[in-house]
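Dropping a structure here in C-alpha cells format, bear with me for questions.
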Amino acid sequence: MDAADLYRINDLLDNDVELREKIKEQVTELDKKARTMVGLLNKVHSTPSDAIPALLDFLNPVLLSCQETIIALAMIIPKNQFWRWKDMWSNSLRTAVFAAAFIQYLSDRTLVSLNQVAKILGIKEESKDRLTLPAEDYLHGLISLVNELSRLAVNAVTLGNFDEPIRISIFVKDLFAGFSMLNLKNDTLRRRFDSLKYDIRKIEEVVYDVSLRKLSPAINTQ
Amino acid sequence: MDAADLYRINDLLDNDVELREKIKEQVTELDKKARTMVGLLNKVHSTPSDAIPALLDFLNPVLLSCQETIIALAMIIPKNQFWRWKDMWSNSLRTAVFAAAFIQYLSDRTLVSLNQVAKILGIKEESKDRLTLPAEDYLHGLISLVNELSRLAVNAVTLGNFDEPIRISIFVKDLFAGFSMLNLKNDTLRRRFDSLKYDIRKIEEVVYDVSLRKLSPAINTQ
Amino acid sequence: MDAADLYRINDLLDNDVELREKIKEQVTELDKKARTMVGLLNKVHSTPSDAIPALLDFLNPVLLSCQETIIALAMIIPKNQFWRWKDMWSNSLRTAVFAAAFIQYLSDRTLVSLNQVAKILGIKEESKDRLTLPAEDYLHGLISLVNELSRLAVNAVTLGNFDEPIRISIFVKDLFAGFSMLNLKNDTLRRRFDSLKYDIRKIEEVVYDVSLRKLSPAINTQ
Amino acid sequence: MDAADLYRINDLLDNDVELREKIKEQVTELDKKARTMVGLLNKVHSTPSDAIPALLDFLNPVLLSCQETIIALAMIIPKNQFWRWKDMWSNSLRTAVFAAAFIQYLSDRTLVSLNQVAKILGIKEESKDRLTLPAEDYLHGLISLVNELSRLAVNAVTLGNFDEPIRISIFVKDLFAGFSMLNLKNDTLRRRFDSLKYDIRKIEEVVYDVSLRKLSPAINTQ
Amino acid sequence: MDAADLYRINDLLDNDVELREKIKEQVTELDKKARTMVGLLNKVHSTPSDAIPALLDFLNPVLLSCQETIIALAMIIPKNQFWRWKDMWSNSLRTAVFAAAFIQYLSDRTLVSLNQVAKILGIKEESKDRLTLPAEDYLHGLISLVNELSRLAVNAVTLGNFDEPIRISIFVKDLFAGFSMLNLKNDTLRRRFDSLKYDIRKIEEVVYDVSLRKLSPAINTQ
Amino acid sequence: MDAADLYRINDLLDNDVELREKIKEQVTELDKKARTMVGLLNKVHSTPSDAIPALLDFLNPVLLSCQETIIALAMIIPKNQFWRWKDMWSNSLRTAVFAAAFIQYLSDRTLVSLNQVAKILGIKEESKDRLTLPAEDYLHGLISLVNELSRLAVNAVTLGNFDEPIRISIFVKDLFAGFSMLNLKNDTLRRRFDSLKYDIRKIEEVVYDVSLRKLSPAINTQ
Amino acid sequence: MTSTASSSPTPAIATKESVAKLFDYFRADLDDHNDRRERLIKASRDVTNLSKKTIFLLHRIMMEDPEANEQVLAKRAAHRGHEKLREVQNIYATLMEELEGDRFWRYQRQVSPGLQEYIEALSFAYYLEHGSLITFDGVQQTLLNPQGYFPLTVSDYLLGLSDLTGELMRFAISGISRRGGQKKATEVCAFVRGYFERFTPYVRDLSKKQSVTSQSLEKIEDVAYAIFVRSSEYDIPPEMLDDIVAQSISS
Amino acid sequence: MTSTASSSPTPAIATKESVAKLFDYFRADLDDHNDRRERLIKASRDVTNLSKKTIFLLHRIMMEDPEANEQVLAKRAAHRGHEKLREVQNIYATLMEELEGDRFWRYQRQVSPGLQEYIEALSFAYYLEHGSLITFDGVQQTLLNPQGYFPLTVSDYLLGLSDLTGELMRFAISGISRRGGQKKATEVCAFVRGYFERFTPYVRDLSKKQSVTSQSLEKIEDVAYAIFVRSSEYDIPPEMLDDIVAQSISS
C-alpha cells in the first residue's frame, strides 16, 4: 500500500465524516419537530373530545413542516446510500410516523396508509434511491400508536367519553389482525408486536368495565 | 495422528453445521403454523359463542398440518440426538401445544392430555429417540392457555356471555390444583406457574362482577 | 387434569432430579480418579527415566478403574439422553483422556487413537446412545498432553535426560501436523490449538540448547 | 504443608459440602410443607365461611409439623453460622410465615406478632445463633397476607359473604398504618410495600360495591 | 401492628447501616497495612539475600500492628454475625495472610500454618463467633505466595543467587502436592489453584536455565 | 413554575449545549495531536538507539503545539467549572502526558514531574480555576509509560541494545515504589496500577535473560 | 547479528529519592481528596436518609385521622416536613466550605444524589401546602445560609422534580380510600400531567427518568379512571357515595 | 359527574378489509426481504467457511516439507490459495443481482463478515507471494466479473487487513522451527509494524480491532526477541545454528 493509496483511502473516510455531520444536522431538526408533536399529542389525554379539533389545528402545521426537513435530508444522501445512513434518523422518523397516524386517527378514526404517511412527510417517490419510508419504520410508528391508544382508552372514560374505548378497541383489533398476517423475524419489531397484547388486554378491560356497567349505548354495535 | 482417524474427525466436525441448517428450516415452518393458529385464536375474543365452531373449522386443518412438519423434523434428527437440538424448537412446540389445548377447550371444555396432544401433533412413540414431547413443554403450553382464558373471561362478558367466565373459573381452578401437586424445580416453569395467580385473580374478579350484578344464572352451580 | 396424567407427569419431573443426583455422584467419582492421575502424572517431571515404569505401575490401575465408573455412568444415562447430560462430565472426561494419552506416551512413545482411548476408558460402542466419546473431547485431551510434554522437555534436561526433548519434539510435531489438517471452528478448541504454538516453540528451544551444548564442548564448559 | 494441617483443612472444606446437602434436605422438606399449606389455603377462596373451621383443621397439623423441620434445621446449622446459610431457606420461611398469619387471621381475625409466629414455627430464642426469624422475613410474610386478603374480599362476595370484605378492610388498614411507620430502604420490601396500595384499593372497591348494594335496594335490583 | 413490635422492627432495620460504616472504617485500616506490606515485600525482588533480614525488620512491626486492627474489628462485629459481614474484609485479610506467609518463607524457608497465621494476625479462638480465619482465605493467601515466589525465582538469578530458584522449586512443589490432596469445589479457589501450573512451569524453566549452565552446585541435591 | 422560569431554565440548558460543542472542537484537535505523537512513538520500537534523537526531533514540535490547543481550551471553560467538563478531554490529556513522559525518558532517562509536564503542555497556574492537570491524569500517563517501556525492553534487545532493559528496570521499579506509597481508592487508577505487575514481571524476565547469558556489562551496576 | 549495544547507561537516572519526593506530594494531595470525598458521600447519605424519612412522614401525616380536613392535614404535614428538612439545610450549611471554588464541580457526583432527594422531599411538602410546583429560585432560597447560597444546578432541580411524580403517585393511590380522596386523585393527575406535558419537549436530560415519570402518570390515570367508572354506575355524586360507605363500615 | 359522551361513533372506521389489503402488501414485501436476507447470510457464511479453509490451507502448505525452499513453498501456497478463492469470487458473481441499486447498503451488514474474511485470506496469499500489502484496487480487481465490480467498502478493506495480523502472527510463530524461520519471523515483525504504524494515526474505525492487532504484534515481537536472545548466547550465525540442530535431531 503506497502513499497515494493511503491518501485516497483517507479522503474517502474524511468524506463520510463530513456527510455524517450534515445528516446529523437535519436529523436534529427533524427530531425537534417530532418531539414537539409528541408534547402536543400528550395533551390529548386531558382534552375533551370537542376541543380535539382545536388541538389538531396546532399540530397540523408542525406535521407539515417536517416535509421541508425531510426533503433537505433526502438531498444530502448520496444515491443508493439510503440504507447506509438510515439508522441515524429512523427513531425520529418513527416518531413522526406515529404522530401522523395519531393525528389522522383523531381526525377521522381511520388508519393512515404507508403511502399517505410518506406523502405527508415529504418522502418522494422520485428520490427513493436516497430516502424512502421502509415498511419497518411505518410499522414501528403504528405500534407506538397502539401503545398510546390504550392509554387514551383509559383517559377518555375519565373525561366521560364512553364510546372512545369501543372505537379504539375495534381499530386496534383490526390493526392487530393485520400485523398477525406478517412473518416478522425475531427482531425489535416482533418483540414490540408481541408486547401489544398487553395494550390490547388493557383496552379490552376498559371496554369490559364500560359494557358491564352499560355505560355506552354504542356497545351493541361492536 | 493417522489419516483415517483424522478424516473421520474432520467429517464429524463438518456435519453439524449442515444439520443445524436443515433443522432450522423445519422449525421456521412449524413456527409459522403455530403463529397462524395464534392469530386465528386471537379472534376468539371478539367472536360470539355461536360463531366459535365456524372459527374452529378454520383452525383444525392448520393444527393437523403441524403433524407433517413435526414428522419431517423427527426424520432429520439423528438417532439419539433429541436432547442435543431440542432448544431450537421448544418455543414453537410450546405454542403449538397451547393452540391444541385452546382448540380442545373451545370444542368441549375439556383439558387435552399429554398423550393426546403428542398424538395430535404427530409426535410418535416409535421415534422418541429423535423427537418427543417433554412434560415441561406440555406444561408451558397449559400455562399459556390459562393466560389466554383469563383474557377470554373478560371479553366473554363484553360479548354478553356471562356463563363463560364461570366455566373458565372452574376449569382453571381445577388445572391450578393439578399444577399445585407437581414438584416443580425453581425454573422458568415454576416462575410462570407462580404468576398464574394473577390470571386467577382476574378471573375471580370477573366472576365477582357478574355475580354481584346477578347477571348469570349459572353462578350458583359453581 | 386427570389423576393418571398428573401422576405420570410428576413421575417424569421427579425422575430428572433424581437422575441428576445419580449422574453427579458418578461424575464426582470420575473426577476424583482423573485428578488422582493428574497428581501422579505430575511426579513425572521430577522422576528419572528409569523410575518411570514404576510410576506407571501406580497409574495403570487407576486408569483401568475409570472403566468401572464410566460403565456405571453409561448405565444410569437413559437411552438417547447422551446429549442432555454430557456437559456434566465433559471436563472430567477430557482429563481422563489426557491421562490415558500421557500414560501411553510414557509407555511406548506412541499416540493413543480415539478408538483406543474409548476402549481404555470403558466407553462401549453398544451403549453409544448413552455415552460416547466425542471427537472434541478427545482433541482437548491431546492438547493437554502437548502442554504437559513441553513442560516435560524442560524438566527432563534438568534431570539429565537429553534424549527426551528430541523424542518429544518429533512426537509433538507429528501431532501438530495432524491438528493442522482439521477445519476447526472459532471455538475453545481453536483457541487452545493456537496456543500449542508456544509449547512447540519451548520444545524447540530445549532441543536447540541441548543440541548446541552436546555438539560443541567448547560452549559446554563456558 | 504438614499432614495435620492438610488433614484439618480438608476436613473443613469437606464439611461445608456435606452441610450444604443436609441443609438443602431440610429446606426441601420445609418448602414442601409450606407449599402444601399454600395449596390448602387456596381453597379458602371457594369455601363458604361455615366450612372454614374444617379447612383449618386440615391446616393446623401441617403448620405444627413445620416446627419439627425447623428444629431439625436449627440443629444442623453450626453455631454462629445463621448468616452464612440463611439465603437457602428465606423464601420457604416467608411462605411459612404467610401461612401462619393467614391461619391466625382466619381463626380469630387477629394479627400474629413476630414473637408468636417464631414460636409457632419452632424458632427458639436459645438457638438464635443458629436460626432466627429476621424482621424482614416476617414483614414479607405479612405483605403476602395482604395480597391474599384482597383476593379473599372479592371471593367472599361471590360466595355471598358480605361482611368479610369489611372485616378485611379494617384489618388491612391497621396493618398498612403499621407498615407506614417503618423506615424501609429502597429494596424488595419497599417495592412490595408500595404494591400493597393496589390491594387496598381493590378491597376498598369491594367495600364500596357491597355498601352501596346493601343500602340501596333500588340499585340492587338494577 | 402493636407499637412495641413496630418500634423493635424499626430499630432492627436502622442499626445495620451504622454498623456497616464502622466495619468499613476498620477494614480500610487493615487494607492500608496490607498494602504497605505488599509494597515493602516488593523490594525483595531487588534485594540481595544478605540484605533481606534488614528488610524483614521493617516488615515485622507492620505485620504485628495488624493484630490491633483485627481485634478492633472483631469487637465491632455482633456476636454470631461473622458470616454476615465477612465479604467486606476477605480481600484484605487474604493479602495479610500472603504477607505473613511470605515473611515466614523469607525468614526460614518454612510454610506458615493456618493456626500460626491466625495467631500472628490476632484472630482469637475465643471470638470466633465474630471473626475467624476460614481455610479458604488461608489458601488464597498461599496461592498468592506461589505467584510471588515464581517471580522471585527469576529475580534471584538476576541478582546472582542461583540457589534460591532451587529452594523455591522444592518449597512450591511440596505446597502444590499438598493442595492437590484437597477436595476443592469448582470456585475461584480451584481456578486460582489450577492456574498455579503456570508459576510452576516458570520456576522449572529457571531451574532448567541454571542447571543447563551448571550455575548452581545445589542442583544435584534437588 | 411559570413561563418565565421555564424560559430561564431552558436558556441555561441551551448554554451548556453550546459550550459542550465548543469544548468538543478543541478536544478533537488535542486528540489528533495526541494520536499523531502515539503514532510516531510507535516507531521507537524499531529504531536503533542512535536514530532516536532524530525521531525526537519530529516529536518535539508536535508536543509543543499542544500548548496552543490547551490554552484555547482553558479560555473556553467557565471559571471553577474545570471538574464539570474534564471527562471530555481527560483521555486525550492522559495520552499527551504519556507522550511527554516518554519523550523525556528517551531524551535523558529521567521522569518528568507533574509541574514540568503541565508547563510543557501549556497548562498555566494562573488559569487553574479553568484548566489544571489533576494528579490522577498525570499518574494515568505514567502507567501508560510503564506499559510501553515493558514492550520497549523486549524490542531494545532485539535491536541489540542489552543495556536498555536494565535502565528500564531501574526506572520502572522506582516509579512503582512511588506508586506504592499512594492510598489509591478502588477505581480505574488502582486497577491499572495493580496490572503494572505484569509489565514489571515482563521487564524482569528480559533482564533475567540478558543477565543469565551475561549479555550486558551493565548488569552489575544495578 | 552482533550486539550493537549503545553507549553506556546514563549515570543520573531518575533517582529513587526524587521519585519518592514527587510521590510524597501526591500522597498528601490524594489523601486529602479521598477524605473529603468520603465526608461528602457520608453527608450526602445522611441527607438522603433524612429526606426519605421526611417523605415517609409526609405520607404518614396525610393518612392519619380519616375524618380530619384535608387542608388542615396538608398544612400540618408541610409544616412538619419543612421542620425536618431544616436538618438537611443545616448539613448543607456546614458543607459550604468543603465545596468552595472549583470543588463544587469536583464533588458534584457525590453531592447530587442527596440534593435530588432533598428537592424531591421539599417539592412534595411544597405541593401539599400550595398545590403547585416549587420554582428553581424557591429551592435555592431554602439553601441560603450565612455564607451564601449552596450551589444548585438546573439538572439536579429537574431530576429532583422527576422523582416527585413517584411520590405523588403513591399519594394519589393511598389517598383514594379517604373521604374526598377521589377529587384529590383527579387533582394530582391534572397536576402531574400539566407538569409533565410542559417539560417533555424541552428537557432532553430527563430521558432516563422520563419513563419512570410516565409510568407514574399512567398509574395515577388508572386510579382516576377506576374512580370515575365506579361512580358512573350509580347516579350519585361522589360525596354522597363517601357518606354511604362510611356509614356501612361503621355500622 | 354525568357522562359527557361525544357524538355517536363515526360509521366508517378503518375497515377490516382495508387494513387487510394494506398488510397484504407488507407481507409480500417483508417475505421478499427476509428471504433475500437469509440467502445473503447463507452465502456470507459459505464465503467465510471457504476463506477460513483457504487460510488453513496456506498455513498448512507453508509448514509441509521442512527442507523445501521458502520461496517455492510460498509460490505454491499462493497459487493454491488463489485457486480456492476463485470459488468465493464465483459466489460473489452470483450475488451481484441480489445487491443491485440501494440493496447493497441494505444488506451490507449481512455481506460484510464474509467479505472481510475473504480479504483476510486474499491478503495473506498476496503477502506470501509478494511480501507486501495488497491495495484497495488490488482487492477490487479480484471482484470483477461480467456484470461489473462487486461493491467493496473501505471499511471492509481495512477491517479485513486488520485480521491479517493475527494470521501473520500464527505464521511467524509456527514458522520459527523451520530452517530460516528466524529470518522469516523478523521480516513479518517488520512488515506488521510498518503497516501498523502507518494506519494507527489515520483510521479511527479500527479501534475495536486495534487492540487485537497490537496484541498480535507484541506476540510477534516476543518471538523475534526470543530468537535474538538465543542466538546471542552463542557466537554463531543463525544459519549455522540451524545446521547444528538439524544434525542433532537426525542423529
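Read from first to last, the chains carry the letters A, B, C, D, E, F, G and H; within each, the first residue is number 1.
Keep in mind that, in the parts below, contacts are C-beta pairs under 8 Å (C-beta built on N, C-alpha and C of every residue); 3 or more make two chains touch, one makes a residue touch a chain.
Because the structure is predicted, anything quoted here is derived from the model rather than measured.
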Set of chains whose contacts include both chain F and chain C: E, H
Homomeric contact chain B-chain C: same or different residue positions, threshold half: same
Separation of mean Cα positions, chain D and chain C [Å, integer]: 52
Centre-of-Cα separation between chain H and chain C, whole angstrom: 34
For chain B, residues that touch 2 or more chains besides their own: 177, 181, 183, 213
Contacts with two or more other chains, residues of chain H listed in rising order: 1-3, 228, 232
In the complex, chain A residues that touch chain G: 35-36, 38-39, 42-43, 45-46, 151, 154-155, 157-158, 160, 206, 209-210, 213, 215
Footprint of chain B on chain C - complex, ascending: 1-2, 5-6, 8-10, 12-14, 17, 79-85, 111, 113-115, 128-129, 134-136, 138-139, 174-175, 177-179, 181-185
Touching residues on chain C, where the partner in the complex is chain H: 166, 169-170, 173, 177, 180-181, 183, 194, 197-198, 200-201, 204-205, 207-208, 210-212, 214-216, 219
Partner chain A, residues of chain G touching it in the complex: 186, 189-190, 193, 196-197, 200-201, 218, 221-222, 224-225, 228-229, 232-233
Chain H to chain A touching residues, read off their complex: 1-10, 12-16, 18-20, 22-27, 29-31, 34, 37, 101-108, 132-137, 154, 157-158, 195, 198, 202-205
